[in-house]
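Structure record follows, encoded as structure tokens.
Chain naming follows the written order as A, B, C and D, and within any one chain the residues start at number 1.
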Amino acid sequence: MTEFLLAAAVFVLGTVALGLVRILRGPTNADRMLAAQLLGTGGVAALLLLGVATGTSALAEVGLLLALLAAFASVAFVSGATSGGHTTSGGQAARGGEEPGRDAG
Amino acid sequence: MSLALDLFTIMSVALGALFFLAGTVGLLRFPDTLTRLHALTKADNLGLGLIVLGLLPQVGSVVAGLGLIAVWLLALLAGATVGQLLAGAVPPSESRQSHREGSRP
Amino acid sequence: MSGTTLFGLCGAALVGLGLYGLICHPGVLRKILAFNLIGSGVFLLFGVIAKRGGGALAAAGAGVDGDPVPQALVITGLVVAFAATAIAVALLLRLVELGGRDTLEDEAPRRAPPPPGRRS
Amino acid sequence: MSMAPAVDAGLALLILGLGLWIIAARSNFAAVVGFMTYGLMLALVWVRLTAVDVAMTEAALGAGLTGVLLLGAAARLPAEAPGGGPGAGLRVLVAVLCVGVAAALAGVVLSLPEPAPSLAPLVAENLPPTGVKNPVTGVLLAHRAIDTLLETVVLIPALIGVWALAADRAWGARPGALTPRPSSSSLTLLAQVLPPFGILVGVHLVWAGADEPGGKFQGAAVLAAMWVLVVMAGLADLPKVTNRLMRYTLVLGPLVFVAIGLAGIWTAGAFLALPAGYAKPLIVLIEVVLTLSVALMLGLLLAGPPKERA
């Protein structure tokens, strides 16, 4: 059984690692965030599998932490994307957009 | 009895891992951000849920089992709302221009 | 080769990678990232030492089989690294706010025309 | 155990790949997202190294809070990293240097002494008098308490440093790096539903940290994250940097720690020593007040320098 759970962990890690290609290719930042989200859930799954396979204590707490902070990070992304102005388009808007140095004086 | 439980674990975990594979394939193959989001939210909720379900017979105590279920519930809650948020962060134009930008290394 | 040694080599490689990024990247944000990479590499080395030094506690039934002293040091290190990163990010954002630049180079050559909001 | 090496090898490959990506990516944002997933994978590595306490800290601080901090910075910068930097020749030279450093470290890893030196038996021997069962907590608060004290104290100058970067006119205003988002129903829902869970998890981590993996830093990081989440959803506002209550809370933890430490000179014969019999309650007290202060510090570090609002 231990072997099977470890193999499942490797499998899940492997598949979500394929999802990393989305982080590399984008094209939009929302896509990258999606890939990170999948990796987060996959990471939690792999963690639980590993933990049960090796009898690690307190693994549910680590899982809870990861799930909580993954949600938090996504919220931070969305906030940044809409109020910071230039996260999403990833291009020219970034430079012209916000007048820097408002209080430079 | 324990054989039946083991079989249950194997079935459930394997099915969950397959859902992760499906999610990754969707993430890589679907044409734009919103369809990818769709694929992802289905896959990671079900994938993690099935894996947690499969792991339940393998943990020793009721408390540990409840911890696992809590991880899943939290991921479910966070995944659902974050999916909504990410969808809101995708401007309608962006999914169409998705192949114009690209930041390959 | 054991998994522990493998992670140790991994940590060594990460320190090298991070050092390269720190020196060669002109962008400040990327320097901060590279610096964090170095940090995590060093922490991994600590982790390897902790793991190797473990065992005695497992025998005593304490539930954690690693040397807790390096582990505790890594935890303190992580907190301090976060504080340092927060300062670095605040400095960077202030730099951008004042000069519209996100690099430490004197003359910042960009692939696109220079930012319009440049002062001074 | 024939699958275990595959797990380790897979994790090592992932981490190295992500590390390469963080350095090589052209887009700032892609590099930051890479860094966050990298932190997540590192947490798994720490679990493999049987350091669950560190895995929690890495997940909460290394991946979570640091990631959010950098995400916020990336949102305010041009999308692509600036060009330039050293020329090709110099780059090769630097690469050679870095390979040299990495190789030297790898050599050290491969030639670590056998059997490994360890303080674990010493800790195991001296853990019972402290009354806590988690050896890492024991080391942090009893055996190496001076490190922990300095570490919490160092967060305060860091916060002062961040605040000092405010523009003159903005001094006294509220921290400005977290711009609340115009209200959206799903974000509001998340900010109402998640924090109760988060606070529960955070408090549990601190409470259980005495005997099981967990502790004040992990708990404080979760509490800080939940606070910042509520702020980002616009449900609460940050205090002004001149707020008295906030400032007292910031220094409360370190002050209590120092006070108990000073009392140790008379009661136990050394600075930061804990009197026999009272070690565990004192450790728990220190943990609780430090958690409050550290959570506030972490949240405020994320919130950045004070800024005028339009």
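Following the convention adopted for this analysis, a contact is a pair of C-beta atoms (placed from the backbone, for glycine too) under 8 Å apart; a residue touches a chain by one contact, two chains touch by 3 or more.
Quick caveat: nothing in here was measured; it's all calculated off a predicted structure.
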| item | value |
| --- | --- |
| Chain whose Cα centroid lies at the greatest distance from that of chain D | B |
| Pair with more cross-chain C-beta pairs in contact, given B-D and C-D | C-D |
| Whole-Å gap separating chain B and chain D, where each centre is the average of the chain's CA atoms | 27 |
| Separation of mean Cα positions, chain C and chain A [Å, integer] | 18 |
| Distance between the centres, which are taken as Cα means, of chain D and chain C, whole angstrom | 12 |
| Junction residues of chain C - those touching two or more other chains | 63, 96, 115 |
| Set of chain D residues in contact with two or more other chains | 4, 7, 11, 21, 25, 27, 30, 48, 50, 52, 65, 72, 74, 76-78, 80, 187, 190, 194, 197, 212-213 |
| Set of chain A residues in contact with two or more other chains | 24, 26, 33, 35, 57, 59, 61, 64, 68, 70-71, 75, 77-78, 81-82, 89-91, 95, 98, 103 |
| Contacting residues of chain C [partner chain D, same complex] | 3-21, 23-27, 29-30, 32-34, 36-37, 40, 43-45, 47-57, 60, 62-69, 71-76, 78-87, 89-94, 96, 101-103, 105, 108-111, 115 |
| Residues of chain D defined as touching chain C within the complex | 4-5, 7-9, 11-12, 15-16, 19-20, 22-23, 28, 31-32, 35, 38-39, 42, 45-46, 48-54, 57-58, 61-62, 65-66, 69-70, 72-74, 76-78, 80-86, 91, 94-95, 97-99, 101-103, 105-106, 108-110, 112, 116-121, 123-124, 127, 133-136, 138-140, 143-144, 147-148, 151, 154-155, 158, 161-162, 165, 177, 212-213, 215, 217, 294, 298, 301-302, 304-305 |
| Chain D contact footprint on chain A (complex, rising order) | 2-3, 6-7, 9-10, 13-14, 17, 20, 23-24, 26, 29, 32-33, 35-36, 39-40, 43, 46-47, 50-51, 56-59, 61-62, 64-66, 68-73, 75-87, 89-91, 94-95, 98, 103 |
| Chain B residues touching chain D - in the complex, by the definition given at the top | 74, 77-78, 81-82, 84-85, 88, 103-105 |
| Residues of chain D touching chain A in the complex | 1-4, 6-7, 10-11, 14, 17-18, 21, 25, 27, 29-30, 33-34, 36-37, 40-41, 43-44, 47-48, 50, 52, 55-56, 59-60, 63-65, 67-68, 71-72, 74-79, 167, 169-170, 178-182, 187, 190-191, 194, 197-198, 201, 204-205, 208, 212-214, 218, 222, 225-226, 228-229, 232-233, 308 |
